[in-house]
Each structure stands twice: as structure tokens, then as C-alpha cells.
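The two complexes that follow have chain A in common; it is paired with chain B in the first and with chain C in the second.
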Partner chain A sequence: MGFCFNADDCIGCRACEIACKNENQTPSGINWRKVKKISSELFLSISCNHCENPECFRVCPQRAFTKRRDGIVEIEQSLCDGCQLCVTSCPYNAPQFDPETHKVSKCQMCYPRQDAGLLPTCVEACTTNALSIVNLDKFNNPDIVSSLPGFPDIQITRPSIVFFPQKIRKRYFLF
Partner chain B sequence: MEQSACIPEIATELTKASHQNLTYFIQKVSDLSGKDVILTNNHNQLITSALKDPNHIIGSIMAIQQLEQHKDPSFSLYELITDSYVYRGWGTVVAYDNKILGYLYLVDSEVAKLEVQNQTLMSLASLLIASKLQMKLEIRQEKLKFKEPFLFDLLYGNLKQKDDILEHAKVWNWDFSLQQSVLVFTLKDFNHYATDKKLLNKLLYIVERTVVERRWEPIAMKRGNQVSLILTTKKEEQKSLKDCSRKIAEIVLKEMHRQEPERFFSCGIGKTYNDPRDLFRSFQEAKVALEIGELLDIQVPYFEELGLERILYKHDTQDLKEYYETILGKMINYDSIHNTDFAETLEAYANNQFDMITTAQALFLHKNTLRYRLKKIEDILEYKLDDINNRLNVTAAFKIKKMRKI
Partner chain C sequence: MDDGIYRNTCPRNCYGTCGILSHVKNNKLVKVTGDPSHGFTKGSLCAKGYAYTQFVYNPHRLKYPMLQTPRGSGNWVRISWDDAYSIIGKKMIELQARYGSNLASGYNKYSGNLGLLHYATEGLFNSIGTHTKPVGNPCALTGLNALEYSFGKKFSAVPEDMTYSKMIVLWGANPAVTNVHQMKFIYEARRKGAILVVIDPVLTQTAKKADLYIQIKPGTDMWLALGVAKLLYENGYASNDFLNERGEGWNEYINFITHGITMQEVYEITGVPPEAIAELASLYYSIKPTATWAGLGIQRNSNGNDSIEAINSLVALSGNLTIPNAGLYFMHFDVETFPNKLLNLEGPPNELVLESRSVDISDYANNALSFDNPPLKLLWIASRNIFTQDQNLAEWKELFDQLELIVTVDMYLTKTAMQSDLVLPAATHFEEEDLNIGYWHYWISLNQKAIPAYYEAKSDLQIARELTRKLNQLSPGFSSFPHEKEPIDWIYEEITPEIKHLYGINSFEDLMTKAFHKKEKSIFPDDRQIFRFFTPNENNCVASKAPGLDSFTLLTPQSLLKIHSQYEWVSWLNTKKDESLIEISLAAAKKKGIADQDKVELYNESASIIGTARISNHLPDNIVLTHQAGSNPINQLIKNKDTEKPDSSTYFYDSIVRLRKWEGYNV
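Right after this comes the complex of A and B.
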């Protein structure tokens, strides 16, 4: 399971970011999903990408991370001792440290919702359907790309996200 | 008038022996028949044998030929060619519910006739063996059903209790109490919709076969475009786990290259851990080693041996670009303006451990020409190349370039 982001459709409304915050009740300053403006016409909505080779997972001395069979990378809060090694190792800045609780938290792809047959809240809230979830083992589209400008290096971690790039705009003049 | 049913002694003996393992049972058949007994599976591979001559040891069966059929069609005379001797004897099919599970042979030097007593013995023995083999098959199928989920949980750190892992592993006779490490093999440009899935099955088969040939337990799992193999230390093994894993990786890659020369297979090896709860770490390390190995053209990369690359691969790309620019930028500019290849010379010098003679040989240059070139490079870069810190900087800069960060 992974995210599919259509860069052409994203208008930067931040509905996904707000929906995530509402659903997960994350404290102020902690946003599991963030929308970044890369250029005047390109926005990127990034959360944890539930990588195939998660670095957060490898470096955690407390073995607090697990990967479910559907690919979702979870963090077990009770095991986290707040060492922040995962925070520094993740190229996507997905794990976020809460100075009040001294714990790290991150997007869990709304697995309780998914287990109940619902879509992740960010996907459901997306006003333009730019964000969706797909089965990456089966999803095949010739237009998809594995990275976009402004997206961190995917080489080692192999994030579970694919992108539809922006299309080149054409201008038509009526005479 | 009352008639008492009498169970023949052979039947009683065989039934009693059937409660023991197959080797014991075959020995019993041999004792009762007074002949050598060989049991094979449905692919004619040896399961067990009971031979009177202690010098006769069967390693494998090379060929089996049917010579003639008995009056009773369930018996035939066979010739068995093994790796050490050629045997002749009567054989019968071991079948359960019309499914052939194996073959039972009574072999001897004089095999012209199959006595009635041995005919009965073979019939009864094959029935009992069939039920034992069927039971084994069912257990194996049950085990397989749980094997992949267990390996997934093990490799993705979902099992947090060491005792649970050790206990669970006993189902497949795996021992995780000693050292272990993970090897990951991958097929490049994997396509879910092409015949690549079959290719991956072949990779899994070759990995398992290579491990079995070396008398190790094949603890392997296929997922996506990867085959992961867990190697555990064996007490009797002289070589270190590191050497064994490297050897296995080399054999598998060589075999895959031989069979599929047009496709690219690579491998990565993680660190060795004592605790099975850390296997997920070794698994992730193997995958990192695999990725870096592909970038740096290392055939069998070992995570532990990657050194500087381990730090560089996860460093910020912009930072690395700036570093590269600071260390080699002047020379790259000079090369592009004056159409020279000083960068190539310096890279060869760094690759040859900053040794003048080997670099000159590698570049087919005279030593004095190389000396002149290096002097020129020093002038362009404005630092000395005999300084150990500068050498480290240059090496790191070229590693960054090689890792396609630039």
C-alpha cells in the first residue's frame, strides 16, 4: 500500500494537512502531513512514505518501529525513548519529536480507519483528488514517476509513493 | 462355532515399528525380509535405506530402470544405479489415496524370485509408509502456511520477544540462538506484469539449493523483487558467517548470471547479530548495502565494509554538492575551460591509493608525466596532495560523485 500524488491536481489548499491534524489530534507544531510550495505552480503534500527500506526503522535502538504486512510503518509509542535517531535519519522528516511527551510520532496511514474500510483522512479530505492510496504491487501507469523536483532523495529508502508529474501547459489563442 | 482372528506376527512387528521414525521402520523391514531395503520419494530421491554391508553407503540415486513386471502388477523388478553401487531388486509404489508418495525397494544379490512372504511384507510396509509420508507432507504444508508470515514478522521487527522467536522457529527446526545475518538478492528492473515473477521463483530456488548443498538451513523469503535469506551460525562450521554468506552470495549471483545473462541480479549483506530481534536491522542493512553496492559497482557489498559511503549515502545532497564543489570545483572548471582531463588523473590517483607507480601503470603514463600532471593539479586546487587530510577530502569527493549525488 502506498500514496499516489498527482502534482497537477494539487492546488495547495492544505485540506489534507488540516484533516490529518483533526483526525490524529497532534499537538501544535507537529504536523504528520505537510504541504510545501516548491515553485509558483507546484505543491507537494508529504507525510511518512512508509518506505520499503525505512531508515527510521533500522536505526531505532528501542526496536519501536514495525512494518505491517500491508506496508504501513508504525511506531510503538510506549517503546520510544525520544532519542530522535529516527528523526535525523529520515530524509522526509516524517518522524516528529514532541518535546512535551519526549516521544516521537509519525503518520500511521490512518490504519484504524483503513482497518474499518475507510480511506486515510488526508486522502478523503483532498478537495481535488490529488492524493490517493494505491496498491503499489499492482498499480501500473506509464505516466507515473518515482520522484518530483523538491522531493528528497529516494535512492536508499524506496518510499511507498508514486507521482503524476505536472503536465506542460498549452496556451490557446482565439482569433 | 467361535473363530479366533489371528494377526500375523509380521503385521504386529511392522505396526509396532511404524510408531518409530522411518529409518527404524525400514531397518525393521530389512530384518524381517532378510534383504537390503531402499526407500525413495516420488522423484526417486533417497529418503532412507537399511543396508547390511556397512561399507555400502548410498549418497544419491543416479538412475532407476524397470526391468520386468511381476505377475502382481504392483511389483516390478528394478535396477538402481547409485553413486557407489548398482542394486537390483523388487520394488513397489508407496501411494496414499491414489497419490504416489514414494517407492520401496527390496534389493539383494539374488533377486530372481519374489517370495510370497516378502510380497505380503512389502504390501503392508508400503501402506504404513504411505500413511507416515502423508502425515509428513501435511505437516510440511501446514508449516509452509505459517513460514512466510513468520519470516515477514521477523524481518520487519514485529516480534518483540526473543523467547517467542526461538520457540516459533523450532517449528521449522531453525536455531536463532547463535549468530545470524541477512542476505538480500534482487532483480533489477523488476516488472510485476512480465515473466519476472517466475524469474524470482528461480532465484529463490537457486538460493535455497545453494544453501542446502552447503548443508545449511534454507531460511528464505520472496517479497516483491527481492529474495531474503537468513543465515545462522552452525557450531560445526569452521568458516565465519561472514565468509559463508559471501561465498553463498557469489555462487548464487554467478549461477543467475549464467542462467539469465541479460538480467542484472545484485546482493547485499547485513551485519551479524546475536539476538534474533535484531534481524530486522541486518535486513535493512543488507538492503542499504545492496543499493550502495549497485551504485559503486561492488559485486557483493557487506554493510560493515562500506565505510565512508555509509555516512555519505544519507547526507543531504545539497551539502554534498557544496562539499564536492569546494574540494574539486576549481579543477572541474579548469578541465571544462581548457579541455583537459585532470579530474580523471586525480580520480585514478585516488583509486590507486595515491600510489604514483600503480597510477602511472593504470593510466599508461610515464611516471614523470604523472608527476607533472599531479603538480599541475596541486597548483589548480591550491592544496598539496601528500597531506592525509587533503587525500581524505579528495577520496570522499570522488565517492560522492560515484554515488550519483552529483
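Right after this comes the complex of A and C.
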């Protein structure tokens, strides 16, 4: 499974980001999902991308990360000793270091919800359907692209996310 | 409270009035989710709604009644509720003895919580007999009056029906920021091939998503509507069957659009290019059904009434009034069909002063300052943050100086609470029972008490009940408020047999299981209903002069993560960085030598505000745009206009400011 982000539909409302905080009750400053304004026309809503080649997994000396069969990259917090190697190696700023607990946490793609047949909470919260999850092995659409401006390099980790770009619109300004 | 899931309703002054499911564990609200049974919000909330756990458990929330002496000193001491009631009660009773009536006591309450049981404040004041009473509606009154004129009643179509429109025209509305749930219906329509048109002076977040965006000079919507109507009519595209039978004022209207106005005038006044107007006219002609939504911003200026009436008339002329899934959107006032027992509570008669004294809520301070027999001496503020939201703040300060007791009921120590003698900690909607009716969609939903009160917080209703007991203890018979009635009793009384019928509710218990939609659909309407066309005349068709490049029209739209000043304490939604941004046009930046991120000063005769400039490529030359609230509220620059009519919304968007680069140091 992976995320599908439709930049044409996203209105930057941040419901996904705050719904994640509501579900996981993460402290202020720890954001598993973040909505970033890239330009006046483009928002990106980004969390952990549950990569094909997760750098976090590769660099973690404590082996705190696992990749599940369904693709979800999970962190086992009790194993984390706060060295933050994953924080520096992940291109997407997904692992979040909490100075109070001295541990790293990140998006787990709401696996407890998914295991119970529910959608990840961010996806459920997105009123515009800009954010969804898809089976990347099967999902095929001529309009999808593998990255967008402002999204970090995808070469190293091969993130499980696809995008729909924005469309060009017709505008009349004051003359 | 038992662990489990409770039903709540977001009571904010917002289009959503969302159904919330509150997850409670060990007497704590642990998370909130959207109520899937609510057909408008369909199981989701907005970002603000998802932050409610932080709104409830917040280090800034007021915990106890507090007394400040002297007022404004910051010297607060915690007092008991009983002492608070005694202070208020003794003052009310003494004022009544001094002046022979309760006219020296008044309140200012507005839209902080729109639940029906929050009318307890009005009920409390009614229960002491004649007093000083705010009237009006600073937000939407102009538009409501215009709708009443056009339709003979308040009217707004069903939002879910937009899904089936073939074209959606958002005229001065920005749902991507203020009504996110509506976006799903708009997008659903678009996925089925509908086209989205946005008309707005500002390239808003919604405008960026439109298939067609048309920029317009602020306050000139009437001319655009007349111009499009003129093109439709002169090309023989008016919808005749409807107009002949049911249109009142048709001849005058047609006479005006054919002879009273030229397209050249329309282009010049609105600033909209001819191709854009032609395209809009051809879309209105060729695509049906078209839904048209006239947003609140259109009516926040002196042309507001005419603009809304002109848009209504264009919709009628284009044949989009009588067909399904087209129609007009503004907002409705169905809450008025409820008994509103608290609002309409009758108090004891006073032989000397038969009527309460009205204050125009849009000009409260000026009005109240003019009273002298007796002057206003006690002010009760609830669901309201005057010092960030109202206009005429200098006059407000003057009024505060004359008041002998200021009581503010709030959840937080707002700017207004800081200027009060006494603050009473208010419950959030999770800590009280209530009943909520939307003003955009047609859903009704219950609000259950889900968690115990935060420290000593109380609901407006509980405060009214307890203060009544104290008043009557100090002076028997002073208040007739039925203090023995529980919240549930008041809710029962609102669900009359007629309301049950209207919403298809069998019993009160039904409301504990889901939200209900009004059965009768608000579409225009039965066969005999008359429509009144807009009658332009010389007076209402004078274009207001656009300010030169030395003065600017100040637009202050709602921001994404706040409603007015609400939510400003919620750190998840932290928006401090955006708060002081002042958006200016390229032309203004050039003329005033201002670079992006420079400190700039906005000023007029009322005040001066310093902020950070953001140069915006597409902002019209004469507009500056800032958001409401913040620590240095923009409303300091907003003053009553001479043109302001008493029965109108506040003309917030007629405010004129000047702009210069700020050379000072500390900001």
C-alpha cells in the first residue's frame, strides 16, 4: 500500500495533519504528517512514505525499524535509543525526535486502524479526497507522476507515494 | 461519565455545524472523530475540529472565577462562584434601586457558541425584566434582508444538492478556507463534469482551484450581475416563462439593464475584462442547472444589499431559480422556526419601563454611550471577544470607563476578559448539553455532556440558574428564571411535535443515535411564489470612488485555523507567524518602496498596526489584506461608516487605510 496525493485537489486545509495529531495525540512540535506550502499554488501533505528501500531501517543501529509484508515501515519505540541517525538519513523528515522522551516516533500508516479495516486517519479526514491510499502494484493512471516540485529526491529510498499534478486553469485578472 | 463515545456538535459560527463523536476514557476526552451519520460533514471535521482535545485541556483555559482589581491591572485573584454571584447580584440589585429599572444592566453576546441553550444569557436578562438589549446581526443581516426582499422570505438552497449542479458559481465565497466540507460536494460535481467559477477580488485558495476565475473590484458585484443579465437579455436568452408570471418589478429591471447601464460602464466599474463577462454570460446561458452562492463578503460594504439583490435577479433571469440542483445559496435562519424558549423567555413586568432598551449590536459602544437615563453601568459579555472582533474600539474603551461592573464569561482570558472586573470560566461544548441547528446545511444534532467540567467551568445555562438563585435570595422575586429546569428539559421543549414532524424525528431518544435532516427541501419553491427583481435607481447605482493609490481598502477575511479569535490558544494550530502578515499589491509595494518581508505600518485616524509585508502578485492595486484577530487586532482600524444603515451588516470592507514602510525598531 502507498499514499496517493492529488495536488490539484488539495486545498491546504491541514485537516490531515491535525487529524493525525488527534488520533495519535502527538505533542506540539511532533508532526507525523505535515502540510507544506511549496508555492502559492502548491501544497504537499507529507508523512513517512513507507519506502521500498527505507534508509531509516538501514541506518538504525538498534534495529528499531521493521517493514511489514503490506509495506508499512514501523518503528518500535522501546528499541529506540535516540541516536537520531534515522532523522538525518530520511530524505522526507519523517522520523520525529522528541527531546522530552529522547525517542523517535513517526507515521505508522495507522496500522492498528488498517488492521481493523479502517482508513488511515489522515485519509479519512481529507474532505477533498486529495489524500488516499492505493495498492501501488495495481494502481495505474496515465496522469500520475512519481514526484512534484518541493518533494525530496526519490532515488535513494523509493517512497511509496504517487502524485497527481495540478492542472492549468483559466483566470481573468482586472484589466 | 462512563467510558465510551458521545455525540457532540461543533457550535462555532461556521458553515459546518459538524457532528462530532467524542471518545471518552477515564473522564477524559481522548480524541474526536466526525459523525458518519451527519450527511453534510460525513464523518470528518476540519483542522480546528480535530484539535479539540487541545482546546479542552489547555494550560490557558480559565479554571476558576477570577476578580481583577483594579480593572486592567492584571491583578487577578481567584474567588468562589458564590462570591462571584454575590458581587454581580448585589450590583444588579443596587442599580435597580438607584434607577428604578434594570436598564442600567445590559449584555453583549454574539456568536461564540451557537447552541440553542446558549440563549441562557438572553433568558437570564429577560428574567429580570426590562434591561439593555443588543439587537441586529453584524455579520449577515444585509444579505438576509436582500433575500427577504427578493423572495419574501429567507431562502438558501440545500448544500448537498450542489453535487448535481452542472456549474457552480462561487461569488465572493471561499469554502476552501471557511467551509471545507462544501468542497467535497463541489469536487464531486466537478468529477462528474461540472465547472467551477469563482468571482472574487482576491485570488483565494478556492479561486486557485476554479476552472474559471474572474477577478473583480471589491464592492462592484452589482454591476457585474447587471452586466451579465444585460448580455443574456439582449441576446434573447432570458428565461421568459418564469418572468412573465412571477417576476415582480420585471419591467423596471429590464428597462434599467437595457437603457440605464452600458457595458462600457460595467467594464470600467468592475474592472472585469469584456471577454470574461461575455464568457460568464454564455456559461449562464448554456449550462443548467447552475448553483450560485453569494458569499458573506459581498455584503460587508455599502453596496451589499444591492449586490445580493442583483445576483438573485441574474439567477432568476438565467432560469436557474426554479429548476432542481440550481438555485441560490447564502445562509438560512431555520433556527427561528424553533420555539427558542430561552431567547423568548418573558420576565416580570416593570410598570415604569415597559420595554427593554435596544442597542444596535453593530454600533454597540456608540449607542450605549448615548444613553443617559440611566447610563449603562453593568455589562455582561458572553460568547464574544469585543476587543478583537468589533469595530469602534476607541469608543468601546470609553464605554468601559463608565461601567461599574464588567463580567465576561469565556473559556480563555481573551483581550476582552482582560479588561473586565470579573471573569467566569465557561464550559466547552463537551462539558454541557445542547442542541444545534446549522445555518448552511439543514441538519439538526444533539450535543451531549461527554466529560466532567474542566475545573470549575460552567455552562451559560448553569450560570443563569445559579445566579438566579442568588438574586432571589438577596432580593426575593428579582428574577423569574426557571432555575429548577435542567438542560434536558429545555432541549425537550425545543423538540415540539412540529419540529419532530419537520425533521422526521420520532422521539427525543432518536437524536441520541444520529443527526437528522429537515424533510421539506428548501428549493425555490411552490408554484405561486413571487420573485421580486432588483430595482436599480440612480441612488443605488453610484459607483463608490475607488481610493487613489494613497489609500487602500482593507479586507480582513477569516483565516484557516481560527474563527475570529477562537482557537488562538491551541498550539497544534499555531499560526503566530502568519498573524501579522499584511498582503499588499505589487503596485503599492513599488510606489511605497516596500520589499517583501519589510515591516510596514497600516494606519488611519483610528489606529496604526505594524506587520510584515507580503507582496502578492495578483492582489488588486488598491487592496490590502490581513487576517482577523492576533495580539494586535486589525479591527482597531475599523470604524463605523456614516453610510452605515441600522438594519445592515457591519460594513467591515468599506474601511480605508493608508500604508507606509515602518522605520521604527521594536515591533
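One rule holds in what follows: the second predicted complex is superposed on the first by the 170 of 175 C-alpha atoms of A that agree within 3 Å, B and C clash if a C-alpha of one lies under 4 Å from a C-alpha of the other, contacts with A are read in each partner's own complex, and residues count from 1 in each chain.
We adopt the following convention: a residue touches a chain if its C-beta (ideal position, glycine included) is under 8 Å from a C-beta of that chain, and two chains touch if they have at least 3 such contacts.
Keep in mind it's a predicted model, so treat the numbers as computed, not measured.
Set side by side, chain B and chain C differ in how many residues of chain A they touch, and the one touching more is C. After overlaying the two complexes on the shared chain, residue contacts for A:170 are found with chain C alone; chain B is out of touch.
In the superposition on chain A, A:125 makes contact with chain C only, while chain B stays out of contact range. By the touch criterion stated above, A:53 is placed in contact with chain B alone, chain C being left untouched. Residue contacts after overlaying the shared chain place A:138 against chain B, while chain C stays out of touching range. Of the two partner chains, chain C is the only one that A:22 touches; chain B does not reach it.
In the superposition on chain A, none of the residues of chain A is touched both by chain B in one structure and by chain C in the other. On the chain A side of its complex with chain C, the touching residues are 8-9, 11-15, 17-19, 21-23, 25, 28, 40-41, 124-129, 169-175.
Those residues of chain A lying in contact with chain B across their complex are 52-55, 57-58, 63, 65-69, 89, 91, 137-138, 140, 153, 155-156. Residues of chain B that touch chain A in their complex: 149, 152, 156-158, 160, 192-193, 224, 277-278, 280-281, 284-285, 287-288, 291-292, 295, 313-314, 317, 404-405. Of all residues in chain C, those touching chain A in their complex are 30-34, 43-48, 50-53, 176-177, 180-181, 183-184, 187, 203, 205-206, 208-217, 267, 271-273, 275-276, 560-561, 571-574, 617-618, 620.
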